[in-house]
Amino acid sequence: MSSAALADGRWIARGEERVSLPRFLAWLSPWVVVLAIGVYAAGLCLYYGLNQTNMDNRFAFGLWIFLDLGIIALGAGAFFTGFLVYILKRAELRPILNTAVVVGFICYSGAVAILGIDVGQPLRFWFTFWHPNTHSMLTEVTFCITCYLTVLCLEYIPIVLRNRQLRKLPSFLVFEHQLHKLVPVLAGVGTLLSFFHQGSLGGLYGVLRGRPFAFRQGVFIWPSTFFLFILSAIATGPSFLMLVTATVESVTGRRLVSNDVFRRLGLISGVLLGIYVAAKSIDTLIWLNRTSPSEGFAAWQYYIYKPFGTPVLFAEIVLFGLLPAFLLTFRRTAERRGWLLSGAALACCGILMNRFVMTVQTLALPTLPFDEFLRYTPSWQEIASFGGVIAYGVIVYSLSYRYLPLFPKSGGENSHVSGN
Amino acid sequence: MSARYGMVIDLDRCTGCGSCMVACAAENNVPALPQATARTGLTPMLVRRLSNGLEGNLGREAFIPILCMHCEHETPCVHVCPQQAVEVDAATGIVMQMPQRCLGCRYCMTACPYHARYFNWWDPSWPAGMEKSLNPGVASRMRGVVEKCNLCHARFHAAKEKAAAAGRREIDAADYIPACVEACPTRAIRFGNLADPNDPVAQEAHSANAFRLLARIGTEPKVYYKSDEAWVRSMAEPGEQSGSPVRSADNSRNQSEVQHV
Amino acid sequence: MKRFLLMFGLGFVVALLAGWVAFPRVLYVQKQQPLEFRHKTHAEKSGVAECSECHALRDDGAFAGVPAMEKCTSCHADKIGESKAEATLVDTYVKLGHETPWLVYAQQPANVWFSHAIHVKRGGLKCEDCHGKFGESDHAKIYEVNRISGYSRDISGHSMTRLRRAPGDGMTMSDCEGCHRTRHIEVGCLGCHQ
Amino acid sequence: MKFSRRDLLVWGAGAAAGLVVTPVPWKLLDDTSKWSQNWPWIPQPARGPVQVKQSACTLCPNGCGVKVRMASGWPVGVAGVASHPVTRGALCPLAFGAHQLNWHPDRLRTVRHHGSPASWDDARAAFAKACGEGRVVVIDGYPGRAASAVLEAFAERRGEYRVVRGAETRALTPYEKWSGVPAESFGYDLENASTILSFGAPVLDGWGAPGRFTRLWAERAAGQVDPLMRIIQIESLLSRSAGRAYQWISIRSGSEGILAAGIARVLLQEKLVKTGGPIPEVTLDEAALLTGLDATAIRELARTIVVRGPVIAIANDNNPSVAALNVVLGAVGTRGGVVRRSKTTKVYASADAAIASARAVILDSSVPWNFVPQTDAEVFRFAAWNGSPTKTDWFLPAPGFLEERTDVPTAPTSGVETYALAASLAKAAHKTQSCAEFLVSVDPSLSSAEKIIHTRCAELFHAKRGNLHSREETAVAKIASAQKLEEQLWSGAVWLGEPASGESIRCALKQWPAADAGSPSDWTASWAAPVMPPLASKLYQESGLRESQRRNA
């Protein structure tokens, strides 16, 4: 059916095919419910305090930190694609650029929202900027994420302004054009910022001298995890973009980007993942044989507690590292959508697992000889707010997809995208 | 002329009565919240039980009071706090936690290997009227912030003020004794200035059987422990207590023999 | 474009007025002291020369703050003069032996620890250095309290900009820090907090 | 002119831009964070002068010296008095949170009759009526106080006076039986003992005046002070005392008496002791069988304990065999043994749970909560706190911690006589009355506890014995007047009698007591309150330091 027939047709880009409004709302409604519950749960946490969660003095970080690290890592596709397109001039990746920006925006805003609940005194957030402790990785993270979120907004706005109705406002159009000139600069700035906070997020745990499971020796001023996190993030970012695009394609039943874009993304992802796996393996060996023993902790001590046995380590490096690296790189598998996407999926699982291990396993393991191994199960409030963020993401993306020109359509709409 | 306040805790003298815990909580206006559990409560001073893991009359147990170790070097919590709510005081070496500055991110709690930091999961509250029994000089904390042992800083304030009123610069050592030290019925907890070589506590800290928890991490705690029993000392570092406890228990017996006779 | 500027300017000016004129009036609640107290009169009539004659240090060095009732009673056992304040003082407080519920202008929050003994005896500060010419006031000024923080306005200081302040106008942490910095006196957080 | 949507947007933009250069956003940021630092619903300590008072703890009959910080009229902290001659600054863990006890949710605030609120007059009337109709049994958990004297005097006229003895005193009752000297005037001369043979007594876990023994042990087991002390703990489980003892001997629970007999047998047969005594029937092998040790171990033990004298055996409760062992060891009435600390010869009738043929029973607030009289008489119970439900007709709210003006006689296990006064430092938030006050109000012809304290001080002064310990030590003889003495006592000084002269006590011990004689009684607490300070119970729970709430039935 043609867009004109739709109730909200005049908001949809000219000539774009979209499902009818009722069907669209039907698709949104369950997500809206999830979001509503999430918002309610978050409200509880803000009003009654963090006693609403199942975190405690020993398990001071929980599901939320895992979520933050996870989605920020997956959101890395945004800056990395921007980097590839604007800095390295890989024009062939333009088609997924807008999606990358939207996904990035969703991930980062979601993470910041969760952080807002996770701290005990949100009203004091600005102390970090007013009395910053420059030694703290968390300060670095806070600064970079805040700045980069602003950058993402600035990158997102032009896309929003390209909406069919909004473009009618002349001043907006002017604004959009000006802003768009800025985008390459923003991409550069964003890249810098992202490199730093992806790293700092790794540093967050790498510096914990008191947690030998997470502590890593320094390279320059940063612990090795600093670089590992950057590597893993840029390696899996493109994979996640592939997954998102593929999902949208299957949902809408429409081809959005050409196969070779996928192939390209897969290649980038695969190669970087390979490098990451190599680096990670070396780092692990150094840690097991040097760093940890020097602190008085024998390596075996970490892996005697179920479910965190050595299989976890194996899965993280081989199953979710080496394997997808192969799947994504080699022609024979990468040519096939199925293999390519499963490779991408594995890669994403891998990075999530890595973040999980760094956050949760670190806290679960004992430090003092007379400590015990700890367990923790999130409360429904934690899970609900988690779900809320996911739902928020889906909703924002769906709206963007429906009303904004995310993907190139033959001719017309994406003419700015290709910047000619 | 900066002091380095620290402690030596003689585990052979600790009967695990818990006086230090109660005195500490009373001094620092810690509420007894019914909803708090072993993992969500506030215990700036916490006595934990050690066992050599043997059954029957080979079994040995000991008690170890855990408080903030006031790490001197690369103090983990100080490094990680994003907004300078923790600092090592130059004049006293006390690791100071500032609940009013605290954002409640709990990063410091994950950083502390001794689990000596506690989060206020609830707003403090007391049964009707009990707020009259709050100790002046210690402000009660609000929910959503981290707190820990500040070495009874209210007492340090009082000592400083008393000194100033008397026209003295230095405080009188007798005026500044943390609540747990004052409370210990066996004087197992000893408090002093580790920077002063004449201070008996400083000397004890370097005696043969003195040790520190997780010393190899290199945080230089200013809380020392002390025991004549080998199996108790083996609790300082991970992986070491795996050495046959039976033997260490026997050693300990002989050692105390030597000590006593 | 003209219309654009007009509208923009309009909004701008409205905001300025709201922020600089209306906001302070909304932010602070004004309260009357229970009694009209005149430092000046007491200094002149009863020949009280030193602040410390009424605002003394206790034996343990703690600052006694506003003197207790018996200090007033030592002179005001019966009415002196005909003023209304005098009547209220004697009838409602002296006779019934209640303490006067003074609103303390320089009241710091519970988490602040400040030792007059250290600042006066060791630091050699004058009262005026922090409290300004308060001792010469000849009426009890209005007590203003911040609706949100609950602080007395004397803590944050009267000017919203906090520029060109007289000594004693403002007792915020940054004021303390400034003075400590100029005198090179280092204290940690818990040096002044509890 | 028309105001379009576009105008509105522009106007808004202007306003936003303007607001940034006003104090509004910045002041709001600042003030909201300050608000979060001073939430009005969070109680803060009162401002005001702080003073320190000295007194004696009245939570159990051990009367440790307490230093109480007072702020604006309320106790805000408790600590030990370093200058106290017996407890020397040490207290039990419960004392440190005790100043919060008076606000405990279980505090008895009104008179209750069968669960429903009543007035003091109702209670008085009901009690007066009962007195008119028949015998009244007055039960006291803390004999020797002036208040006890009031109770006793009342009982003499209206019925009888009985005493609930704490475990420590009950452990001394065999000597009372054998020598006629009341258990209340015996004590342990621990200061001079060298080997302590504890038969399950929690010597390092709140036994006697908790501070006294732990501090002695801490100094002397470490060899800092002579004579060197060794604790040999005989107990089935690894208790706190066993864990820290010099030696822990694990035996079958309940076989303490048998082991004592076994040891005595070895001592006598091998002539390891000068003193004679009846040889227990139980053979060494029987003893070994019943205790779970082997014969050689028992023989070894017997030999080791006599190496380092003076040696003293301490029972957990009334255990004649252990007492007999002390007789065999010659540890009764000798230095470093069981000593007679006072001349009093008055033997109190010990209260039995079963009370027959009485019209009314009245319990002083010092009676442990878990002492529940089995009787059909009308029960009047004084208590400051309400414990688990128990058969009681009248609950009468008694003064709480530091609320009562009372005197503090010698602690049950003390080797020396002491006397102290506890002023009322905290004002009760509601109408309370002690049992003694109540009885005086019923029978005004009785002399009040206050008067009795006054006369006692006078007697102390005229006897010119002992010393007064406050910050410094002064001989009673050097004190100007009885009034001065009393004043000093009220302000926290402690009177200390001369150390017990090692006068030997003749214990008529014909044959070895039967093993089962004097089974431990069902109430154990010397801590009278049914509740613990909230902080203590909470911290024990959170630290897992004590599985069950200690000293709390």
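For clarity, chains are labelled A, B, C and D in written order, and residue numbers in each chain start from 1.
We adopt the following convention: a residue touches a chain if its C-beta (ideal position, glycine included) is under 8 Å from a C-beta of that chain, and two chains touch if they have at least 3 such contacts.
The shown structure was predicted, so the numbers you read here are calculated from the model rather than taken from an experiment.
Between C-D and B-C, more C-beta contact pairs are found at C-D. Centroid to centroid, with C-alpha atoms defining each point, chain C and chain D lie 50 Å apart. Between the CA-based centres of chain A and chain B the separation comes to 41 Å, rounded to the whole angstrom.
The geometric centre of chain A is 63 Å away from that of chain D, both derived from CA atoms.
Taken residue by residue, chain A touches two or more other chains at 121, 124, 127, whereas all remaining positions touch fewer.
Multi-chain contact residues of chain B (touching two or more other chains) are listed as 37, 41, 48, 85, 100-101, 123, 137-140, 142. Contact of a single residue of chain C with at least two other chains is seen at positions 60, 62, 110-111.
In terms of inter-chain touching, the protein chains here follow a pattern that is not a line, ring, star or complete graph.
Across the interface of their complex, chain D is touched by residues 121, 123-124, 126-127, 169 of chain A. Those residues of chain C lying in contact with chain B across their complex are 57, 60-62, 110-111, 113, 115, 117-118, 121-122, 186-191, 193-194.
Across the complex, chain A is touched by residues 35, 37, 39-41, 48, 50, 64, 74, 76, 78-85, 101-107, 109-115, 117-123, 142-146, 213-214, 216-219, 234-241 of chain B.
Those residues of chain D lying in contact with chain A across their complex are 6, 29, 32-33, 35-36. Contact residues of chain B toward chain C in the complex are 85, 87, 89-91, 94, 96, 98-101, 137-140, 150, 153-154, 157-158, 160-162, 164-167, 169.
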